[in-house]
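Take a look at these structures.
One chain, subunit A, links the two complexes that follow: it is found with subunit B in the first and with subunit C in the second.
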Partner chain A sequence: MNGFSYLLKKDLKMMLSGKFFLLAFLSLVLYSAYINLVYVRLEQGRYPVYVCDPNSRTAANLAYISKAESRRELEKACADRTSVGIDFTAEKSEIYMLSSGSEKTDHYREIWGKAVLTGIENTKTKTVGLYDKEEKSRREITAEFLFFELSAVGFLGLASILFKEKQMGVIRVHGILPVRKSVFILSKLCVFLFSDLLFTALLTGINVGVSDSFMILPAALLQAGILSLIMALIGLICAALLPDFKQFSLFYLVLAVFITTPVFLAGQTGISWKWLRYHPMHHLFTAMKSAYFGASAASVLYYVVCLGAIVLLFCGAVGALRREAAREG
Partner chain B sequence: MIEAKDLTFSYNKEKQALHGLSFTVGDGEIFGFLGPNGSGKSTTQKILTGILKGYGGSVSLFGQEVASARTKDFFQKIGVLFEFPYLYANLSAVENLKYFASFYPKGQARDAIMLLEKLEFKKEFLRKPVSSYSKGMRQRVSMARALISNPKLLFLDEPTSGLDPSGAVLFRRIIEEEREKGTTIFLTTHNMADADLLCDRVAFIANGRIAALDAPKKLKEKNSNRQVVIHYERHGKREEKRIKTSELERELPFFSGEILSVHSQEPTLEDVFIRYTGRGLSE
Partner chain C sequence: MRRLKYQLKNIRRDKLCLLTFLLPIVVGALIRALPALNFQAMNEISFGSVQGDLSEEMSRWLQDSGNLTEYENVKELKAAVNDPATQLIGVLRAGNGLRVFLSGDEFEMYRTIGETLPQLYEKRADRAVFSKKVIPASEDFDGMKSLLIVITLVTAMFMGCTFNSMNMIGEKEDGVSLVNQILPMDARTYIFQKLALGCIGGIASTLATAFLCVRILPRQMAFLFLLVTLSAYFASLIGLLIGHFSSGMMAGIGCIKIIMILFLAPPIVFYLLTPADSLAYRLSYLFPSSAAFYGLMGLLNGQGEKWLLHLGILFAHAVFLTIVSKKAIFAS
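And now, the complex of A and B:
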């Protein structure tokens, strides 16, 4: 235990000297400022709606609806291929729109047009979901930023510390010390896990609100813990196996561009690819988001796979460290 | 203490690093392992210290096969000084030593500050980060790290590298003191002076094979051409004569009063090394 406490202390000092906590603090400030000062104030653009109602059959006077005096004017307004037209000239109302070229966008435009039409005709709306728009936005973006921080930025933290130790040659010294490689890794994981969990709690508390955080945090901390361990272990293996920081940077780029970005893109833009369900990061991302919305999306299989992945990565990290210890000086 | 029998090792199918090394190192002995770069010295040391697995033949330390002895107890008994001073650059000398000492049982580790004092480490640098140290200071801290656990078996790789002459003399004295305490020392070096002055026996290794193994004195004697060179002065003129030692028994071809100097033609350890391996140590 004496050795382990010294390992923890040493890893903490390495993190401090590597300005890791300062960077995490800056990320926290940056994300929180963006969420509170920009994101929650963003009004998502609606598709413009034009209504042609020469016989004044509807009394709708909504801010987002524009009037068209004639069918011709309606068609002209909808020529931008974005706007949705509703024509009340005939007895049966009709939705008019020109294709935008994207089947998906046209589908969304149609849904919005019908929703507006229904709203006009029934003048009744129904609240869907538990959260208002701001609450939803805050939870959504907090989950996404946390995923990004842990998977892309946090990954660098442990790797950079191990690279420093590699450059100093001290990993070779640990090869002849009466300490198991697993304990050497475990100490690093403990420090990074604690740091990531603290980051999760602070980011959630600041951006979702303290009272709501109590409901979210148990599930969010669990998902953050899983993601943190997986990414830290991948970072550790890469840093142990790759000979220099240049190669590591290249690998990081590949990881960020080809592994994390599709998942992030799909989550942010609504783009969906069928193959995404085979992407492991997608499941971690979904689980993280579900945690922030109180949904229990993750199955037992998910946790079993995560646990298996952590165990396998841990064994891989032990092997990679042994290899580094035996490397020619 | 150490017994290697037909030790072989290959990094891959085409590159065999060791070709059946056999040697023993007795308790309390200083054993020198001499060879040029790429000869297999480091590979042998890595096998002995339990870092490299997958060797052929057998190697036992403390009476136990290394492959099965890589336990906490095994690592508590050995100390290793690497060729380069591997230390945490952001920590001070004292912090480094306390950190490395923390892995050994409480009663086993030596006092870090006393050890550094013994190694004549500058006091004003004790609490400063290693990144501000000179090469010689780093080497002193590294030596302290290797000694901090009071090892029974000490592996030293180029211990005097990076030290000034007085530092090298100090290190040799400390190595002698360790041996007097009963520590067995496995010394890997290029430095012939270190090997000659410190080692009870040396092994010459080249291309993964032991070319010769004996006490330095014996190796030099065996390879001596048994000649002496005598410088003398006759009729105001300085002259030199090379004669066989057997001739010394007969009458000298000049008066003893004329002799200026007598030099035995004993080879240096490096000369002997070249005779056995066909190459120099610095190649």
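And now, the complex of A and C:
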């Protein structure tokens, strides 16, 4: 037990000297700034309708209508490919618009423009969701950033420490020390798990709001813990097997681009591909997201599979480390 | 020149650099191969209904304006409307009209569409006489696609900084840079060579990607080349600074990650959100990637009138960073 606490202390020191916490803190600041200053303010307004009507042939003060003084102004306003222009200057009134590239959308814009002219009222519509737009965007983007940070960056952190130790010959020394390989791995996992959970709590607290965080965090921390353990173990195995950090970062690039991108695309746009359900990261991502939306997400099967994966990866990591120690003599 | 050749030969063995070089090209090829339809569907309105609920006329009317998906029962429809990733509008039948429900987290556009949809349906027979003038989108205009292409190109340009920074950090770790200090090569030559390395890599990668996925007119060629050269030079300077000041591979990768986010996110956000004559949009020129981004976007949309402004801003950025980095490197 004494040995374990020394190992923990050493790993923490290594993380400090590798500027790991500084980088994590910078990421935290960057993500939070992006969420609060940009993402929350994203809005897609309704299709603007511009009317050029110098002779007042229509009712002047209808809802949803903006005025254009001349045909030229009308054309300028419509250049954004979303606005609908209606021109009453000539004998025959004309709908003027630039195609958005989609026939269906153009059709909708046309009937929208016409309907607005005949007067439209804003009616209340039944809503079935629990969150308004801002709450939703905050939860959504926080879950996504967290997923990215844990899966791509956590993976890199543990590996960079192991490579440093390899360089310094620590693994060789461990080969003759009476410390078990599993304890060696366990201490690293603990340190990273702790820092990832802290990161999760901070990111959620800052961006979702403290009071909502208390509702979210139990579920979110569980998912973050699972993800953190799995990614750290994969990172450890790769770092033990690959000879140098450069090859490792190559692998990291492939992982970051090809493994997380489809998951993100599906999460952001709602496109669903059939093969996505064979993508293990997709399930981790879905579980993380539903934790933030308070949905009873994952089945028992999911947790069983996760636990199995963690145990398997742990055994794999012990094996890989043993092999590495044997090779180093 | 012979030394530069050696540098290029050296970098060729570096798999990481090779991969960052090829990555944008592969992505460019993928974007080109993707059918345009895929992207368009994302911009269209999506409606959801329950099987057998809507009359045929209603379904047809909805399908004229967007994409209609049918669900087995109301519960599934509700779940789909509630899914935070979608902007789906749930439509049910109410006698001869429509009834709509939303999840409440939609963008204003979709909320308005949902709230006014029943009225629009009632007015469908309203035949006010209008003539119609729709200016078609240029043949290969696809807003979403050009955005993706420009993002890829800007990434390729600023990836230039990985070539030389990774190379320099690698040399530092292997001890080559210590050997360099006792060789009769002065710092100026060394810096020049590393700068050229990033610049050549960035330019080659971007141009290859551009030729793969953009149809360039001959008269635009000079503008594109200048834009790419200036941005690649800028990125290469950044790479030089990262390589010079970061102590290890890990710190280098962390820096590159932050730089890439800083360079890519602002222009996309400002381009999408702020009108071109607002103050915020003008302030966004403080990011060097903005000028490159807007310039390329204009090139793709066929509005090339501001090209001189974009080149000028990029040039000013490049000059400014040259002076700053010269001071910083020689001071340390």
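The rule we apply is simple: the second predicted complex is superposed on the first by the 247 of 329 C-alpha atoms of A that agree within 3 Å, B and C clash if a C-alpha of one lies under 4 Å from a C-alpha of the other, contacts with A are read in each partner's own complex, and residues count from 1 in each chain.
Going forward, contacts are C-beta pairs under 8 Å (C-beta built on N, C-alpha and C of every residue); 3 or more make two chains touch, one makes a residue touch a chain.
A quick note: this is a predicted structure, and the numbers were derived from the prediction, not measured.
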Which of subunit B and subunit C A:S249 touches, first, second, both or neither: second
Partner chain in contact with A:E135 - subunit B first, subunit C second, else both or neither: second
Subunit B versus subunit C as contact partner of A:N55, first or second or both or neither: neither
Touching partner for A:S99 - first (subunit B), second (subunit C), both, neither: second
Subunit B versus subunit C as contact partner of A:S211, first or second or both or neither: neither
When both partners are placed on the shared chain, which of subunit B and subunit C touches more of subunit A: C
Contacts of A:L42 with subunit B and subunit C, given as first, second, both or neither: second
First, second, both or neither for A:I111, with subunit B first and subunit C second: second
Interface residues of subunit A shared between complexes with subunit B and subunit C: none
Contact set on subunit B toward subunit A in their complex: 42, 46, 49-52, 72-76, 78, 80, 82-84, 86-91, 98-100, 102-104, 106, 145
Parts of subunit A lying in touch with subunit B, wherever the complex brings them together: 2-3, 5-6, 9-10, 13-14, 17, 165, 168-170, 172-173, 175-179, 325-326, 328-329
Complex contact set, residues of subunit C against subunit A: 14-16, 19-20, 23, 40, 42-45, 63-67, 78, 81-88, 90, 99-116, 118-120, 123-124, 126, 128-137, 141-143, 166, 170, 248-251, 253-254, 257-258, 261-262, 265, 269, 273
Subunit C-facing residues of subunit A, complex: 18-20, 23, 26-27, 30, 34, 38, 41-47, 81, 86, 92-102, 104-108, 110-112, 114-115, 117-118, 120-133, 135-137, 139-140, 153, 156, 160, 245-247, 249-250, 253-254, 257, 266-271, 289, 293
